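Below, chain A partners chain B and then partners chain C, in two separate complexes.
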Partner chain A sequence: MKRITLLCSKYFFMLVILFLSLAPIFWVLMSSFKTYSEINSSALSLPSSLSLNNYAAALKYAPIQKYFLNSIVIVGAGIIVTVIFVAMCAYAVSRFRFLFKPVIILLIAASLMLPAQSISQPLFSIFTSLRIFDTKLGLILVYSAMGIPMSFFVMLSYYRSIPFALEESAYIDGAGFFRTFFSVILPLAKPGLATVAMIQFINIWNEFYFALMLTSGDTARTIPIALNYYMSTFANNYSALFAAVIMTITPTIIFFIIMQKQVIDSLTSGAVKG
Partner chain B sequence: MVRNKRFWITLFILPCMALFAFIYAAPIITVIVTSFTKYTAFETPSFIGLSNFKTIFSDNDFLISIKNTVIWVLLQSSFHVGLGLAVALTMRRRPKGWKLLRTAYLIPNIVPTAATGVMFTLLFNPSFGVVSDLYTRLGISSPVPNLFGNSGYAFWIVTATWIFYSAFNTIIFLSEINAIDRQIYEAASIDGATPWQMDLYITLPLLKNVIGTCVVLASVAMVSQFDIIYVTTKGGPGTATLNLPIYLYKTAMLENNYGKANAVGVIQIILGISLVLLIRWLFRTRDKINGDGSGLL
Partner chain C sequence: MNTGLKKLMAAMLAVLLTVSLAGCFGNPDTGGTAGSGDKVVLSVINYHVGTDFGADYYSYLFDSFTQTPAGRNVEFKFEEIPTTDAFNQKIKLLIASGDLPDIVLNGGNNITELAARSGKVADLTPYFDADPEWRGLFDELSLEFNTVDGKIYGVPVSKEISYIYYNKELFNRAGVTAPETAFPTWDALFAACDKFIDAGITPLGMDSADSGWLTNLWFSALIATQSKAGEKWMNTQYPSNYETPEVIAAAGQLQRMLSEYTTPDAVGGRYDPMATHFFNGEVAMFPNGPWMIPDFRSPDKAPADFYDKVGIMLMPHYGMEMVPTPGDMVGATDPAKIDAAVAFLKYSTTVENQIKALEMTGLQPVSSQVTIPNSLRASDPLMAQVLDISAKAQITYGQNQAYWHQNVIDAFSNFLPELAYGYITPEQFCAKLGEAALKN
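And now, the complex of A and B:
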């Protein structure tokens, strides 16, 4: 009897978690098919038909494709720059002794704890004077740099798991520094690089603060900022707002479900190694 | 050969450190230096000593923003991490449907937080949200409260938009639990331990370290929590949901008072770092912070 109560309470708890996770999204999805008057008359009723009118209206007023393209360019470039820079820097730090090595490690470790907003005002001023305010380049620079601390430590511990003997034999075979890195170490470090890329994706695909502070128009507006602006764009047409939100979050959810295993792996290794 | 090697090391480190210096180092120095100056969008910095700090510490809004930030840190590092742990312990023995639950629980953590903000704003809208429908269905005739716009509710409703979504912690706990040796549980079960006792006396003590990590991550996240608050209430109504990042944003972008904003930034940095050190100390174990910074977070 006690076991059954325990089992029931366990499943009840699981159902509550399931409800909290999916109910808000499901409600927005359901409402996105409703007409304006249906939304106003009752929030919890089902839509009378699966009409796509709201979706058409949303696409008419907000350039959702453009926001996606911006996000893909900015996030893609941010990932590539971080992966290349960190792959090189962490390799040199993990394998060789040199003068400023402890300083580099200490600085990057300290920046792991830095609340990023605290440095936003100088960035805003620097970007304005360099004329990269409200450009994709500006956000790419910020996001690539923000990815360095966590990625650096993930790569550092990954390189340390690769035995030195491999490089020694490469050197004996006459390969130079770059050749050894590129053809021996890098192929072995691929899983580490994939982890770094995934952590970077999760962090900057959703980044809001710097995108808000460093953009002002549609040229570099990313998905999270677009979502914020929908509130005013669709202030008088909230049936379309529901559709716009669904269109904006669906690709992320689909991507996540496909890549779930990689996402889970990188989240755990990011926390444990970082 | 040696000179050649030095050339390559420099070449490998330079791009990363140049970017790091441009985006992190230069701004941090600027923040610290200009926090002691009178500096706005319209005038260049001039030294005024501790005046900015005196101003913010005598500003009631700033003190409230610190108070709210600290309350959110406490709630997040206790309830939020605790819930993530509870879900992980529930899934530990892989009950039916645990994979589905894991995927479903991760979804709200994966969608942009701005989207979560928009969705909850719609959900609790006083005219077409679920609250008004529930009032009609239950026959309550009193006016429908505007949950985000009412200073009595706003803080708790904003908290509710993130405090339950602890799936990242659950994932980290699950992977640590999987790393625990099965034989320990087998031995305990031969000794007649109940599942509850096993969690309490075996799983939890072995998770101490990683709980510390999750508490650090949750606290750091709360010291810089911005997105959902900005989308839903912008710190209002009044100061009900004002926290440090919102206060900093308003000071920099609306007041255009850069010196004062950077003084707030300095306080935010100090608060963030002291929290990390405090939590690390509370969850201290024998292993020290390693030279590569890996025991730090």
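And now, the complex of A and C:
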């Protein structure tokens, strides 16, 4: 009896989590087939038909395919740059004593407090001078720089949870500094790096302000800007907006479904060897 | 890590980095300042894109200008920024950095004064002085609205007006006779509201979220039609004292309207669901401007025969909001570009284009010289009726979203629910607006 209760509770909580995760996506999917009138009359009603008109409208109003590809490139590169820098920087700070270390940590912490608006004008001028305004490179640099402070502290605490004994063993076995870092520490730090990657993915994917301020055309603009095309004073087109949201999240969801085995494997394998 | 996964990850990283680097240096050109051959290239940041109600009209305007003798030599270089909020953020940044486009469309939000005081936009007074016929298209109020320190910086392209739309069918069902032009007093309007309530019909469309646009229109009318002092107050830009008898009295009436005469979802509700109530025949009266008229015929928004059910009346006491709009400016510094930009702005305000804007978007002509063409009376009688009824307004006034500081508009929206539920008195509501105003 106790076992059945436990099993029921387990499935109940799993169903609750499943519902909380899928309900918003299902709601957006249903809304993407509804008319303006149906959306505004009742948020929870089902669509009267499964017409694809909203999807056609979504493609008509905004260049979402182009912006989607831009997002993929910028998010991917932004994550890679952040992870590479943070993995090395946080390790050095967590393991070694050096001059001005507290000051460096303080400066990184201080950069967390910088509001985007306060640096947009200097960034605009610098980017224009460097001719990286309205380029993907410009946005990758900004997003990586903005993501590094938060990611740094995530990785700093993660490295501190890894026992020194592992590195000492590696050194005793004859491994040098780089071998120890790349072959011992980095595999152990993968869950932390995955967390950093996920935080960066969410932040960059949804970022609007710099994507607007540091671009002027379709070359580097990202999905959040495209979604603004459906919003206008007295002329919102929620139907097309929801259709665009479905079109842009579907490839990402499919990608994660296909890759989930590899992602989970990469997080769990190789943590402790021998 | 197993070998297969390593290879997969390495391949993905390589592809990603290659694609990134290939695309990174896409478009370093930022300004649109270069000429190509003999052409004058004018940069424009256009927010009339996507679902914006003026998107089709502005597309026509830019295209057709290049077919005219003045525009034949002009080429436009566009940056699109959807929504006026995003547009205003970017323009403020460009004012600060001195990188304004050659033609600066005006999205409101006090951009004119900001740009003028920065010295980054051209003084257009000499162009108005040199062309009396063009200047004659505008009334003094419209030009004064676009003047900073005695110099005209903006060319207004329209006027903003608002009044009441009503559902003729619901009026018949409730046994209420719709006035020919306006209810003579607010008491007469409230008496009609009571009849609607008795008939099981919600009388008024209101909202509170975002900026509380609809409620703001009612509030502006209530203040302006209280007394001469109220009318003067509503024609004052950036008032600081909100605790005047007429504003407090208007807030009291607004409280009554919110608690007795509107839909349950008005408090906390946004414009769109409220408009849908009106389209669905669930609300009898709805304040708004002429830009709403195309929606009455939109199959996505309203039932097929809805357009024919709609009537128009002024606010009680024959009141009507009539605000000059902030005009488009010239950010170019090169004389040839300034001339070309002014030529475009002149073109955008020709009588023909004001009529075109009215027909395509409902933008109200800025010039009193525009006469309604017979074709419009036939194709869009409701729009023609708007122009007719405008002439009958006895009290005209500004509108809170044009004349108030942004933080006061926000405070208005934030404290409306408390006013509606009686958690604060009209006096306290007005005091909170005043407190916000004094922070500027």
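What we mean here is this: the second predicted complex is superposed on the first by the 177 of 274 C-alpha atoms of A that agree within 3 Å, B and C clash if a C-alpha of one lies under 4 Å from a C-alpha of the other, contacts with A are read in each partner's own complex, and residues count from 1 in each chain.
Note that a contact is a pair of C-beta atoms (placed from the backbone, for glycine too) under 8 Å apart; a residue touches a chain by one contact, two chains touch by 3 or more.
Given the structure is predicted, the values throughout are model-derived calculations rather than measurements.
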Chain A: partner with more touched residues, chain B or chain C = B
First (chain B), second (chain C), both or neither touched by A:Leu212 = both
Is A:Ile204 in contact with chain B, with chain C, with both, or with neither (first, second, both, neither)?
-> neither
First (chain B), second (chain C), both or neither: which does A:Ala243 touch?
-> neither
Figure out whether A:Val154 sits in contact with chain B (first) or chain C (second), or with both, or with neither.
-> neither
Give one of first, second, both or neither to describe whether A:Phe124 is in contact with chain B, with chain C, with both, or with none.
-> both
With the two complexes superposed on chain A, say which partner A:Met231 touches: chain B (first), chain C (second), both, or neither.
-> both
Counting only touches as set out at the top, which of chain B and chain C does A:Ala77 meet: first, second, both, neither?
-> second
Which of chain B and chain C A:Asn40 touches, first, second, both or neither = both
Contact residues common to both interfaces of chain A (with chain B and with chain C) | 40, 120-121, 124-125, 208-209, 212-213, 225, 228, 230-231, 238
Residue positions on chain A within touch of chain B in the complex are 10-11, 13-14, 17-18, 20-22, 24-25, 27-28, 31, 39-40, 42-44, 81, 84-86, 88-89, 91-93, 96, 98, 102, 104-109, 111-126, 141-142, 144-146, 148, 152-153, 156-157, 176-178, 181, 202, 205-206, 208-209, 212-213, 223-225, 227-228, 230-231, 238, 241-242, 245, 248-249, 252-253, 256-257, 260, 263-264, 267-268, 271-274
Chain C residues touching chain A in their complex are 1-2, 5, 8-9, 13, 16-17, 19-20, 23-30, 49-53, 79, 81-84, 86, 89-90, 93, 96-97, 99, 271-273, 275-276, 279-280, 288, 291-292, 295, 298, 300-302
Spell out the residues on chain A that touch chain C in their complex, using ranges where they run on.
-> 35-37, 40-41, 61-62, 70, 73-74, 76-77, 80, 120-121, 124-125, 128, 131-137, 140, 187, 208-209, 212-213, 216-217, 219-220, 225, 228-240, 262, 265-266, 269-270
Tell me, which parts of chain B touch chain A in their complex?
-> 4-6, 8-9, 12-13, 15-17, 19-20, 22-28, 30-31, 34, 86-87, 90, 95, 97-98, 101, 103-108, 110-123, 125, 127-130, 132-134, 136-137, 164-165, 167-168, 171-172, 175-176, 210, 213-214, 217, 220, 223-224, 226-227, 230-231, 244-245, 248-249, 252-253, 258, 261-262, 264-266, 268-269, 271-273, 276, 291-294, 296-297
